[in-house]
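Order as written gives the chain letters A, B, C and D; numbering starts at 1 within each chain.
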Amino acid sequence: MHISDQGIYYGDYLQLDKILSAQDLESEKAGRPAHDEMLFIVTHQAYELWFRQIIHEIESILSLFEQPVIPDNSPDFYTIFHRLSRVKTILQLLVKQIDVMETMTPLDFLDFRNLLRPASGFQSVQFKIVEAALGLKQPDRHGELYYISQLRPQDAAVIQRIEGRRSLLELTNEWLERMPFFREEAFWGQYAPIFPPADGAPHPFWSDYYQLYEQSLQANERGNLRQFERFFLADDDKQGKLSFEARRNALFIMLYRDFPLLHLPFQYLSLLLDMDELMSTWRFRHINMVNRIIGLRTGTGGSTGKDYLKAALDRHYIFNEIAGLTTFLIERSNLPVLPVDVQRRLGFAAG
Amino acid sequence: MHISDQGIYYGDYLQLDKILSAQDLESEKAGRPAHDEMLFIVTHQAYELWFRQIIHEIESILSLFEQPVIPDNSPDFYTIFHRLSRVKTILQLLVKQIDVMETMTPLDFLDFRNLLRPASGFQSVQFKIVEAALGLKQPDRHGELYYISQLRPQDAAVIQRIEGRRSLLELTNEWLERMPFFREEAFWGQYAPIFPPADGAPHPFWSDYYQLYEQSLQANERGNLRQFERFFLADDDKQGKLSFEARRNALFIMLYRDFPLLHLPFQYLSLLLDMDELMSTWRFRHINMVNRIIGLRTGTGGSTGKDYLKAALDRHYIFNEIAGLTTFLIERSNLPVLPVDVQRRLGFAAG
Amino acid sequence: MHISDQGIYYGDYLQLDKILSAQDLESEKAGRPAHDEMLFIVTHQAYELWFRQIIHEIESILSLFEQPVIPDNSPDFYTIFHRLSRVKTILQLLVKQIDVMETMTPLDFLDFRNLLRPASGFQSVQFKIVEAALGLKQPDRHGELYYISQLRPQDAAVIQRIEGRRSLLELTNEWLERMPFFREEAFWGQYAPIFPPADGAPHPFWSDYYQLYEQSLQANERGNLRQFERFFLADDDKQGKLSFEARRNALFIMLYRDFPLLHLPFQYLSLLLDMDELMSTWRFRHINMVNRIIGLRTGTGGSTGKDYLKAALDRHYIFNEIAGLTTFLIERSNLPVLPVDVQRRLGFAAG
Amino acid sequence: MHISDQGIYYGDYLQLDKILSAQDLESEKAGRPAHDEMLFIVTHQAYELWFRQIIHEIESILSLFEQPVIPDNSPDFYTIFHRLSRVKTILQLLVKQIDVMETMTPLDFLDFRNLLRPASGFQSVQFKIVEAALGLKQPDRHGELYYISQLRPQDAAVIQRIEGRRSLLELTNEWLERMPFFREEAFWGQYAPIFPPADGAPHPFWSDYYQLYEQSLQANERGNLRQFERFFLADDDKQGKLSFEARRNALFIMLYRDFPLLHLPFQYLSLLLDMDELMSTWRFRHINMVNRIIGLRTGTGGSTGKDYLKAALDRHYIFNEIAGLTTFLIERSNLPVLPVDVQRRLGFAAG
């Protein structure tokens, strides 16, 4: 018996009959085959395959985060971290993939471009799902409702369903809020203040940190102080993406990341910033590519593609508030010493 | 006799005594050694080494272009092309090099950041030389005169000297102008017009092309027509970086690139766009990195680094007018047929 | 009417119904869903999509090369060059894509690995088509007939059909042979020999070049001279992949690449070497990855994957004889001057 | 006062006077300036700068490892991990940097190649320091003593001094040995065996694991069992790079990496494999490049460069025994359950 008659066969397993029969060129149907249309199709299909994978990872991450609690000693947070690292690696590939699309010259694209109207990359449901699952809400989208008019109702509905669900940003916010660092009085009872506490300061740690931060500022940075107050003292900042408590805990993680319990959380927060960076780099290179291939012509979807992309580039950062916390760091050597009990709780049982 | 006593020795040849002794940490001098300062120094030195190489290549390219004429059959234009390709490869490396810098966390940078004031990457004379040699003039720089105040007079003078010399952009413009395509009456005598020439059209080719372009436009693209007139018919566009003649010849190259004489010129124009893309991608990733490492703090040079970089990102495209020509392409199958004699002159002698 | 009801819709155009429904996890069917199996499937599908594109490009290149003659002034050779450049860019992406697969840890792979037996990447028909279309013949394959036993008869037949057709290597050989450089007496009548011709030398140019090459050798390189004789003088080297005439013309192109007619041919030959480099780098990284993920276990296909891959790595270079020509270059400043008429024929008509 | 007169100035800080004056072309001294020699010098200098940085990182890692103990709750191991991650990122850049060198064509290299004899990349002291610091000992080097004859005595001495010191491999081995997993009786008292213990099995865990591993093998993998016995049961394997105890603990880490205490150790072991992969990929691409640029000519150092590089490629893997442990993994779902007390000790205090 032939080896390939038994068990699994590579081509069947990968369903290559579907994958490799999904390239029908409009230019062939129109009787004017354009060689490069194949590249156009295959590149977009490769993007969609990777979006599928990204969604698979993010779905699993959201499920793990949706638990009421993630026990410190469960493998769940490590799994979240590992899978988000993979998304990062895929995004790096997707940025690189633009190199391939750029081998198509403007003149070669013109050979079939008009045949595709009004289809547009804008109609990638999966890409919008990724954005929504990460935390981009409709009102924050550039062109807000515009995209819905471009999509079939059932496709728009899928995205809106995801927008209605808790996103990675929101679940990260909740996870940050759950951290007990500043909630428990007992936790901080032994904290030895550096400075006499300021009036009305909610917590001696923050009172100290405020003064240390003030000392660290250059003359032309005094304005940062107002922002510090709003962000970390006032507890009345309602507009942000991060809640008051989440913001404080995120800064705490960044400052005390050397304690074992905070290693992975710190790496996780860094990954979120990597994601924003990579998605924005992808958008940026995409703009350059579109500009180069179609110039100031309208996109196949009818929009002036470049302007849309540019506005999206500026507005679609999702984790920018986390990135912004960097503004409020001080030198490690000046950090307040944590109470011994807190230190212990941030370490390993065996330590 | 020992092999290393005769002839050239690797370490001597590379002057590693200089290269490897050029890392003095300010944090060590201050008695508080910061491990990551070495990374900061080495990364910037690696950038400067590569800038040195880029300048070496561009210098040689400018010299070749400065000849009154580049004979078609000399190897010079091929050499220009080859060396600019190398610059592109180096720029790709420099974009990637940001990955290394990003391994420095904000907290680690804080350990030595204040010791560096007011030094700033802004003071990289070589980077400004690269920009100037490519074609960025002082009035087009964001912050125009600001940078001069940051530099030692002798350094500012070096850059201004380069700014006063013909740049790659200007020399490319002159090279494009020298092309005889639309100057010689004899050249075009045999051109068979497709349409009755429009009144006052400077040349039947352009009259035809205008009408073909008009036919190619979507309803919402009619505005492009006015721009076409200004760019290719009116001969009164004084503001641009490209002259009227250069612009027409550049478009001609893009359209008829399949003729042997235009292969390399087309690849060369594409390289210029690659350069702009890579430099802007570098700037973009640089912004993200700065934003991530120092947040909204001021840079070591005292500027709010991010804002400067962002304005520079938008304004420092050098070859954008060449990229913009894509707007005016039409489908290859609709291109006017060139006179046989022109075709012959665009080919090989042996062909 | 809704915009998406008219004309082409992105998801339909890309047949996303097929593409995104082609991921059925064996581990799910077995009732033990393994999260990472999705990555395994999607990554391989992405590879297959790109192989499809590579085959599309190579097919078109082979067709162009199959013409009895490629007129110097037709755009065909430029098209060949451009499309092969694209294949290079895709191969660079495929090397990078291994980064994504490497995010799967050995333990995660074990969760579903046994379910896939005996399927194996070895069964990728498209990859073998690429190899065969480039020039790898069955007898040169490591494990020669082995791979046929792993494939369904109809799949093996497809590959064998391609192996029976003229490959890129053979067509390149024919294209090199067609070049008239050393065939036409008239062409070389005016050649001014540097040295008195050696006895029996087939052509004064080669007689000169032989002596110049001899002068260029270091003492420990004298053995190269025998090889030079066999390769360029004897005309009896039957075993090689390149014919005697092709080999001489290829070296000529490398030496005189500065003449316009030889610009693209030189770039083309360099691209062939890039292809070999990239495919071998891919194989090399693949070996490392397999070694890392499954260690010394047998692959799902039953082979000791690593050994096969390693043997293939060494043997599957296709254009190695072209790379080897580098051995026989001499310094540009010592090159024999070509007759004026030859120079003219290597240039542009307008030059 | 001018801003640049006070405080630190970018160019001074980076000692650009040294860095940018360290390029003296031999071809210029010889009166025949070769344009590409600058590229040759700058590329090698950039490599040396990065080697400097890599050594800076590895030095600091070795120092941390040289402590008699690394307390679980100190930041030291995290610091080690972070710095080794950076080395990985730098190595990725160095692989990419070969792209730049490959822009030099063979003919361009010939213009100055003979002037460099007998200097050779082989004489890079820093590269050999990196290899030695990671764990490559002289007897394991291809060509063992050969390299010493190529170096000045004082340079050879530097490398030998590093070879005499404990390397990253040895310190990793010691760190692995220090782990208490299988030493403490108390630790394992509560272990509930799955199978009746085999005769003479040193520990019920390993007796179980042996049987589980046996069950996991395919028919043609039975040979692995002998190796398992030698590696994990016999305690008489003297030849390896890892001691018996270290090997067992490393496998334990790979298997139970989901426990918090093992997260970083697992990531650290993976990083070691990344290092080997990247260094071997660099060597591999280097071989291809050398082969391409000089063919079968001897290198400037007199060796047949390619053969040396190829032997080094196969032999210079440093952490291959850690990679090989993958051979002995079993499915996660079959893993023996750890005693509750062990589980607790592998977790956080707060968990």
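Note that a contact is a pair of C-beta atoms (placed from the backbone, for glycine too) under 8 Å apart; a residue touches a chain by one contact, two chains touch by 3 or more.
Nothing here was measured: the structure is a model prediction, and the numbers come from that model.
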Steps in the shortest chain-to-chain touch route ending at chain C and beginning at chain A: 1
Equivalent of A-C within the choices B-C, C-D or B-D, defined by over half of its residue contact pairs recurring: B-D
Contact-richer chain pair (by C-beta pairs counted) among A-B and A-D: A-B
Most distant chain from chain A by Cα centroid: C
Geometric centre distance via CA averages, chain D-chain B, whole Å: 39
Rounded Å distance between chain A and chain D, as computed from the means of their C-alpha atoms: 32
Overlap residues in chain D, where contacts from two or more other chains coincide: 117, 302
Complex contacts: residues of chain B adjacent to chain A: 32, 105-107, 110-111, 218, 220-221, 224, 227, 254-255, 257, 270, 273, 277, 280-281, 284-285, 288, 291-298, 302, 323-333
Chain C-facing residues of chain A, complex: 2-11, 13-16, 18-24, 26, 35, 38-39, 41-46, 48-50, 52-53, 56, 60, 82-83, 85-86, 89-90, 92-93, 96-97, 99-100, 103, 115-126, 149-153, 155, 302
Sites on chain A touched by chain D in the complex: 71-73, 75, 78-79, 258-261, 263-264, 343-351
